[in-house]
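These are the structures, in structure tokens.
Look for chain A in each of the two complexes below; its partner is chain B in the first and chain C in the second.
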Partner chain A sequence: MTRGEYKIAQKTSVFRLLKDKMAGSVMFTFTMLSVLLLILIGAGLVIKSLPILEEKSLWELLFTSKWKPMRGDFGFLPFIMGTLWVTVIAIVWTLPVSLFTAIFLTENSRSWVKKVVFPALDILAGLPSVVYGVWGILVVVPWISDSLAPHFVEYSTGYSTLTAGIVLGIMILPLMISLFVELFSSVPQDLREASLSLGATRWQTTKYVLLKKTFPGMVASVTLAISRAMGETIAVLMVCGNIVQMPGSLFDGCYPLPALLANNYGEMLSLPLYESALMLSALILFVVVFVFNIVSRLILRKIERTLV
Partner chain B sequence: MKLPFLSKKIKWYMADWNETELKKGFFRPDQKFRTDNAMRSNMVVDHLNVTIQGNHILKDVSVEIPDRKITCIIGPSGCGKSTLLKSLNRLLDANEDVKITGQVIVDGEELYAPGVEITHIRRKMGLLSQRPCPLPMSIYDNIAYGCRIHGLRNRKKLNMVVRYYLQAVGLWEEVKDRLHSPAARMSIGQQQRLCLARGLAVEPQFILADEATSALDPISSKTIEDLFLKLREEYAIVLVTHTLRQALRIADYVIFMYMGEIVEAGTAEQIFKHPQKELTQKYLSGVFS
Partner chain C sequence: MKIKFVEEKVMKGIMLLTTLLVFLFVGSILYTIIKNGLPALNWEMLTSLPGGGFYIGKEGGLLNAIVGSLYIVGASTVLGLVVSIPVVFYLNVYLKRNSKRASWARLAYDVLFGIPSIVYGAFAFTIMIYFGLKTSLAGGIIVITLLIIPIFIRSMDEIARELPQDMLHASYSLGATRFETIKVVIRQIAPGIATATLLSIGRAIGDAAAVMFTAGYTDSIPTSLSQPAATLPLAVFFQLSSPIPEVQERAYAAALILTGIVLVLSLLGRIITNRFSKNKIQ
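Let's turn to the complex of A and B:
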């Protein structure tokens, strides 16, 4: 290498290093932006809901059930319970369904089944939630009010907590299945072979090895699905009945937090504290999802430590 | 997470230790234990053809696996050694797009006959894979797993089985104080021995080892080799190996494979000292590998 060539090489290497540094800092900035977004949203919600928090005690807001904005009564309990019930119903019935579907797809099915099912799931996941809402009104609501509810209660419109749970479940089903499928496919084949070679059946292998190995991942997947489910708005709002009450049975209407926000924001904002109350409902959702994620992460870490 | 009550849990081994009862075997009370010479197991591979995703991997393989001997399958990479081994206990079925013709006959039962119940045949063959893969549970449960799935629930008997087979592979002294800690925390060499013990615990007749020592350090592989030499007295061992020296050290019988076919098979002396085929001579002298 002549002296000139050497200098050029040195120069390009300086540029190279500079670019490397720049790329690093750009990526870091964008990453921090997304974190900043979370903080900004949180802070915005807190600031907006401060007026009502200053006026009333948090206890009164969260744990009383009187909702009369005209008179200045803001009790969020019915909404919180509505959200919880709908989410719980959705998770309870989708968990086994998605689990068995995912096990079947990864462990037992032939390749053509996968070729049919996976695109179908992708389409299901991609459908706008309004479509699910309409489908809920057309199919699930009449089914509940005509066929199911008469066995249990005197009268139900069909717009109920159960309906919302069912529709919500159908919406998160594709997500849960694809998360579980991903999880089960990540288990090395060697592990299955080790179990099979001992004379275990496929089901025994699945039950004792696969599910055990993927348990931490399953907790994480369910958490993600629950977070999604809590925030789902349109489809739920279309079928839940939107009645401010504590749901006494599965066939009563309810009013989840996101529905409250979506239905009322922009109307009657002249009422004192009303906007602030609505903002508080958003804050409650935010905090619940936030805390839920952190807690599940802690649980996850503990499980992983004991298992591996 | 540390469990303080664990120390009590593992006191059991002081009390119920009964070797003679173990010798009878738990799963085959009608048959005598393997030390009895009258019982011979037998495995014959009969014109086996395996095609995976259109590739003809095994071509018309016929061979007999002798009992209570170490049979080494040698050959260059990709010649179908591992496929042959896996087809011996029908693990290939789990993969997609596999076509198999021919038969593997174990104690008179045809593995690839339609409608055959495979699990009880698989139990006759312990598998040792290239990388040790302990099941995601404690050391104790790893050994007890096989027994439990075959219906042995008695705690005392399970304790005996676990201790017996951990001793058989020389792990007992190393792990007896942490039987209930996760198996994944052991060293790789220990894990491989645990896998061996796990396979032995369901009382197999064959041990299938797929390059069982290639991921291990020299001392661990020596331990495993010594174990094989010891276990030869009771089991038929089939070992796929990449290292000729290993085959030289421990093989009684050698199968040399090339491009999915068996080129030559015979006793170790025949193959290593007087190879008949030119291909075998070339491979042994290191012309290709």
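Let's turn to the complex of A and C:
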């Protein structure tokens, strides 16, 4: 290399390094901005719900059930109970279903079964929430009001807490199954073989090795599914009945937090305190989802590290 | 027969039943949507705007919602890609493997992914009010972009994390900078980008809660970013609440269109994963 060529090479390499650095800082900015979004959402919701938090105590807001925005009564209890009930119903029936399906997929089935089941789960996971709502109205609501409810209560419209729980359960089913499948697949094959070689059946192996080994991960997965279920809006809103009350039975209508937010957004601008109250409901959802997500993700990560 | 073998049989039976239950749900949903949607779906529904008496059951179609959805999904997918591809490169090429910073960022994206779309909608709406913006196409695009960025990043990152470090080192040893190495990386994660895009489109097109307050609803096709825009999920939602059967049928038609789009996307995703995973360097 002559001296001239060397200088040119040096110049281009400086230019290339500069480009590398600049691209790096652009990418860093994008990364920071997108992470900042999380803080921004939290801060925005807190600022917006401050007016009502200054006026009333948090205790009064969360644990009283009088909801008369025009008179200034904001008791969130019916909505919180609505959310809890619907979520609990959804989790209670999907937990065994998803657990058994996931065990079947990882422990017992041949590969062609997976090839059929996974695309079906894909479809279930991809369907928009309104489609679930339409299905709920056309199938679950009539089933509840005509077939199921008459056995238990005198009259139900079918738009009930139970309906919402059923529809919501199906929506979180693919998430639960895929989390469980991932969890079970991470258990080393050696452990299963050790158990089988001692004469245990497959189910015994599942019960004493797999479920025991993955218990913390299962708790984390369910926590994640709960946080997903709590925020689901449109499908639940379409079938839950939207009645502001403490659900007395499974066949009564209810009014979960996201539905409150979705139904009353347009009119809230006329009353500043009302707007603040609705923002508080968004903040409650945000905080619950935030905490549940962080806890379960950290547990799942720790498991990933110890098992693999 | 020993009790443990009975138990084994019973448990296997239960597992088979729950797996069949999953199929039953998928079948029932698809059957219901197709059975109710197909009779209501016709050419007019796809190609015309709502007419004068549309909401009392007279002539017209869903073109406003179809075009509105396409505008919002198209724009937000492009914007989402522009933001998230650099982030994925930063996390996987610029930062070292097992870096603390990347790990915190990934946790943040996991949480962002978990935040309900209604909260995104509420947040975006307050921001829009703060800046004095009305419900508009731009608002819808922005909120959907924010909503799908975590999905983009998470699913692309999953593929990018499996990149062999040797490949990066081979590129560096030839004198390439990290930025130039991206040319190598992008070829490896191209199928990941494609599937992430399909996933995001699916989520973007089906979301109703976030666009409800940000994009609004209108009977015409928006001609500028500041006009409100209709979307398919909201078309389903609003028309289903009408007491008139003809209007409800349109909701079923719109639900069928949405379902069809989602099915095509999920099929494409399968094809891409199957085709490209063959020539991937492990």
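Rule of thumb we're sticking to: the second predicted complex is superposed on the first by the 253 of 308 C-alpha atoms of A that agree within 3 Å, B and C clash if a C-alpha of one lies under 4 Å from a C-alpha of the other, contacts with A are read in each partner's own complex, and residues count from 1 in each chain.
We take it that contacts are C-beta pairs under 8 Å (C-beta built on N, C-alpha and C of every residue); 3 or more make two chains touch, one makes a residue touch a chain.
Bear in mind the structure is a predicted one, so any value in this text is a computation, not a measurement.
In the superposition on chain A, contact is made by A:Arg305 with chain B only, not with chain C. By the touch criterion defined above, A:Lys212 reaches chain B but does not reach chain C.
Judged by the touch definition given at the top, the superposed model places A:Thr201 against both chain B and chain C. In the superposition on chain A, A:Asp190 makes contact with chain B only, while chain C stays out of contact range. Legend: residue contacts after superposition of the two complexes on their common chain; A:Phe100 is shown touching chain C, with no touch to chain B. Set against each other, chain B and chain C differ in how many residues of chain A they touch, and the higher count belongs to C. In the superposed model, A:Ile294 makes contact with chain C only, not with chain B. When the shared chain is aligned, chain B comes close enough to touch A:Ser111, but chain C does not.
Common to the chain B and chain C contact sets on chain A are residues 200-201, 204.
Within the complex, the chain B residues that touch chain A are 1, 86, 89, 91, 94, 96-97, 119-120, 122-123, 125-127, 129, 131, 133, 135-137, 145-146, 149-150, 182, 184, 195, 198-199, 202, 208. Listing the residues of chain A that touch chain B in their complex gives 110-111, 188-201, 204, 208-209, 212-213, 302, 305-308.
Residue ranges on chain A touching chain C, taken from their complex, read 16-17, 19-20, 23-24, 26-28, 30-31, 33-35, 37-38, 40-41, 44-45, 48, 96-98, 100-101, 103-105, 108-109, 113, 117, 119-124, 126-135, 137-139, 170, 173, 177, 200-204, 206, 224, 227-228, 230-234, 238, 258, 261-262, 265-266, 269, 278-279, 282, 285-286, 289-290, 292-294, 297-298. Remark: chain C residues 4-5, 7-8, 11-12, 14-19, 21-23, 25-26, 28-30, 32-33, 36, 83-84, 86-87, 89-91, 94, 104-105, 107-112, 114-120, 122-123, 125-127, 129, 146, 149-150, 153, 177-180, 202, 205-209, 212-213, 233, 236-237, 240, 251-252, 255, 258-259, 262-263, 265-266, 269-270 touch chain A in the complex.
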